[in-house]
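Both complexes below contain subunit A, partnered by subunit B and then by subunit C.
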Partner chain A sequence: MKKLNRRTKVLLLTAVMALVLIAVYAFGLLIPEEAYASSFLQAKQPPSFAHPFGTDSLGRDLLMRTLKGLSVSMTVGLVASVISAVIAVLVGIAAATGSKYVDAFLNWLIDLVMGVPHTILVILISFAMGRGLKGLLIGIAATHWCSLARLIRGEVLQLRNQQYVAVSRRLGKSSGWILCNHLLPHLVPQFFVGLVLMFPHAILHEASVSFLGYGLPPEQPAIGIILSESMRYLSAGMWWTAVFPGLLLVAIVLLVDRLGDHLRRILDPYSAQE
Partner chain B sequence: MKGTAGRLIRTFLFHGIKIVSLLLAVSIIAFVLVSASPIDPVQQYILGLGTAISPEQRAEIEAYWGVNEPPVERYLSWLSELLRGNWGESALYRRPVADIIGERFANSLALMLCAWLLSGVIGFALGCVMGVFRDRWPDSILKKLCYLLSSVPTFWLGLLFLLIFSVWLGWFPIGFSAPIGVAQGSVTLGQRLHHLALPAITLSLMSFANIALHTRQKLIDVLNSEYVLFARARGEGTWTVLRRHGLRNVLLPAVTLQFASFAELFGGSVLAENVFSYPGLGSAVAAAGLNSDVPLLLGVTLFSALFVCVGNMIANLLYGLVDPQIREVGK
Partner chain C sequence: MRLEAKNVSFRYDRKQPYVLENRSLAIEQGERVALFAPSGYGKTTLAMLLAGYLQPTAGEILLDGKPLPRKGVCPVQLICQHPETAINPRWRLKKVLEESGRLDETILRAFGIESAWLDRFPRELSGGELQRFCVARALMSGADFLICDEISTMLDVITQAQIWNVVLQEAERRNMGILAVTHNRHLAERISTRVIDLTKA
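What follows is the complex of A and B.
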């Protein structure tokens, strides 16, 4: 068998990772509510074959609840990071191509959003929206675009000084044409990589804010809620309610992080030298 | 050196104006967000009283609080009171917000300072180790560890530590900043530190990965430079190179980065304090939001913004004034 070259290996690995993530997501979506219904006969059971993650204080199967919660988290993370990435691209392009004042204002805006700890800002937004999924989504989307916007601003500034852009301009192409044909295609990889790398942050924030009691309602299966419930039973020795759901969350976050890194390697031509 | 003094004043002025404008904007945004909340503060206050009251009494409260005034007027009166030092009264604790913030910030500061120093020292040391052993096994193991830790949620790590060190091993107390049932005055420093250790370690583990990876990259850049090649040719060993050339170039960016990370530190402390029931600002803000304690929520938001701004300003000043390379470019 011929040895695969590095690019093929990375591509294959990326595909496998993406498949695993999609499988977890789809599986979580398809779990019916009966799978994690409460049953008092089976409350507080340690992990076993029937319940690999054990059961919680109400006798709900923790594996099913965790998977369901993960799919909810992933939905929130995905939607929030897509919104965030779109905001980042718009702000980045506007800052780089706009007038000096627009640039200064947008930089000030980025400083403003970065100036309040994200957890506090998400709490505040969630409070303003009356707690719940919507507040959580808007809160996370509103706080995660800053670093990507800075990155894109830098990239556009660099692109604008390229010779082919200058030539285009001399040839009489309009700014809009240059934006669509020269700038945006260069930003596509940045956009996707930024999006994928933002995703784990968004999931972590969703879990943290749900853990604090904002965001999703307590009856909803979400990782943050499962973990905050587990805190009450820690001293009673129910270690499995805290360990396994968190472990699964970390695994998903790591997987997405690696996926983003591989995607960057595939899309970024400069990474070949690494 | 007239230029230096002038530049200093200009820098301070610039950052001062920027901080004031940012804080003003934060106060406006926070106020608008809180006003937009569907949760009725008067209703919450009445619920907190625990007794039924007549509609007339309710109208009296509304008039006293000025709930029905236009928002701009409310904002301006709130802001002017704020500037005079009256931060309002917390509905949850029934005490002035300024007192609560002052008291809790002392607790939070102890926690954050410990975590900050710990993560700075550990992160810097590990970064140096990774840089020196580049691409060999210590580097790759530590790098994996850093990536792993940056994917672990703070509160889960805190839960694990609670489980292992408090519940199973019994080395550390389960929560709070002092033993239960002991008067405030008679708590010893040792007891305080004992209660502080676990949250501080949790918080520092969350943030050292960033600084370690940053230091590693900087150190590698330095070690690849020609002056280090020359130093090696003169016969300097790894340790001497690190001491004479590495640390000098790497320490300043690391310290700057550490000052610029106040926002994450504060955000992390909110979670760590909630896991460990530590009575600091973070647990106060979470409780304030859940119980619709608007004055406290606003107060802590503004205070956290001030805290982060000061950190960022120190980072900028360090960057601009101490580093000779940037100083030259800045002219």
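What follows is the complex of A and C.
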């Protein structure tokens, strides 16, 4: 086989990672509710061929429940990080192009949101917004935009001083036209990489807040819920209820993180020569 | 028409010394003026002031007795020294030219810009080729005055001659005013009808 160069390898790896994630997500969506229905005849079974991840105290198949939970987590992660990234772009552009006072206020706001521990803020907002999926989404989306907003602010500040933007202005182009044609296309890689790197944070926060009991309702299959239920049975020796869902969560988070890293490498012109 | 700098002073910051102090100069339409001075005399600053890229700290820039229009296509266009910074690296060159409003085939042909180049990205062309695009863009905007800030300094002599020939022809045809900033005294004498030496003025 011909030797692949580094870029092709990274591209292939990224594609495979994306495919795995999409497969997990799609599979989770397609699982019918009967697949993880409770059955007291099969309660508390250790891993076997019939139930690779074992069953929990209510006899629900943990593999199916975990996969379903992952797809729920991924939905939360995806939606929350998209909203967050859009907020980040808007705030970043507003800070960089607005007046000095707007910039100072937005920077102060970023410092404020970053200064409060994320988990506490997510719990507070999620609780105030009525918990559940909606509360969690708002909570996570409202807390994760800060660092990306700062990055985009810096990028726009730098772009704004480019010669070609000044030329464009003297050629009679409006600020809106310049924003759409000169600035926004430059922000696309930042946006996507920021989005993908935000995703694992969002998933972890979803799981931890649900684990603490402030997020998704207990009947919903979600990793945080599964882990928090497993707490009661760990001392009874049911190690599989925590280990497999936990490991799968870590695996997915790592996968997305690596994916973001690879995307950055592909999109970042400075790594083009590597 | 007449482009005029009236008692212009400029400094980049209140704590900084003046780059230009109380300078005045005027260019008539159809006139070709060369601005000549060693490094650090504020040639580029003056060029940017005249084209409206910077606002003077004191004094004013007047076009026909009125300040430069803030909106719309500016009748004074600046072509700068480094074409690679004046072109958006993410745009195909066709879009770069279209930014000026219209694509003029005759100008493209005069500069020897091949149609295949239009679909390329800026980093796929050399500096000389890019500079042609910058000059063409300024010409296509229909400007009455061109401020050429050392536009041929980094080019080889053949490309220099080629670009200047087209610029001078167009200037002749449209009766444009030209201010050419340069270090090169021979070039200054060759292209201009009048030379301003900042060290003496």
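Note that the second predicted complex is superposed on the first by the 272 of 274 C-alpha atoms of A that agree within 3 Å, B and C clash if a C-alpha of one lies under 4 Å from a C-alpha of the other, contacts with A are read in each partner's own complex, and residues count from 1 in each chain.
By our rule, a contact is a pair of C-beta atoms (placed from the backbone, for glycine too) under 8 Å apart; a residue touches a chain by one contact, two chains touch by 3 or more.
All of these numbers come straight from a predicted model, not from anything done at the bench.
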item	value
Overlay on subunit A: subunit C relative to subunit B, clash or fit	fit
Subunit B versus subunit C, judged by how many residues of subunit A each one touches	B
Subunit A-centred angle between subunit C and subunit B, computed on Cα centres after superposition, in steps of 10 °	100
Which superposed partner A:G130 touches (first subunit B, second subunit C, both, neither)	first
Subunit B versus subunit C as contact partner of A:T119, first or second or both or neither	first
Partner chain(s) touched by A:P47 [first = subunit B, second = subunit C, both, neither]	neither
Touched partner set for A:S168, first subunit B, second subunit C, both or neither	second
First (subunit B), second (subunit C), both or neither touched by A:P189	neither
Lowest inter-chain C-alpha distance for subunit C and subunit B in the superposed arrangement, angstrom	13
Sites on subunit A touched by subunit C in the complex	162-164, 166-168, 170-173, 182, 185-186
Contacting residues of subunit B [partner subunit A, same complex]	18, 21-22, 25-26, 29-30, 33-34, 36-39, 147-148, 151-156, 159-160, 162-163, 167, 174, 263-264, 266-268, 270-271, 274-275, 285-286, 289-290, 292, 297, 300-301, 304-305, 308-309, 312
Subunit C - residues contacting subunit A, complex	51-53, 71-74, 77-78, 80, 82, 85-88, 90, 99-101, 137, 141
List of subunit A residues in touch with subunit B within their complex	108, 111-112, 114-121, 123-130, 200, 204, 207-208, 211-214, 227, 230-231, 234-235, 237, 239, 242-243, 246, 249-250, 253-254, 257
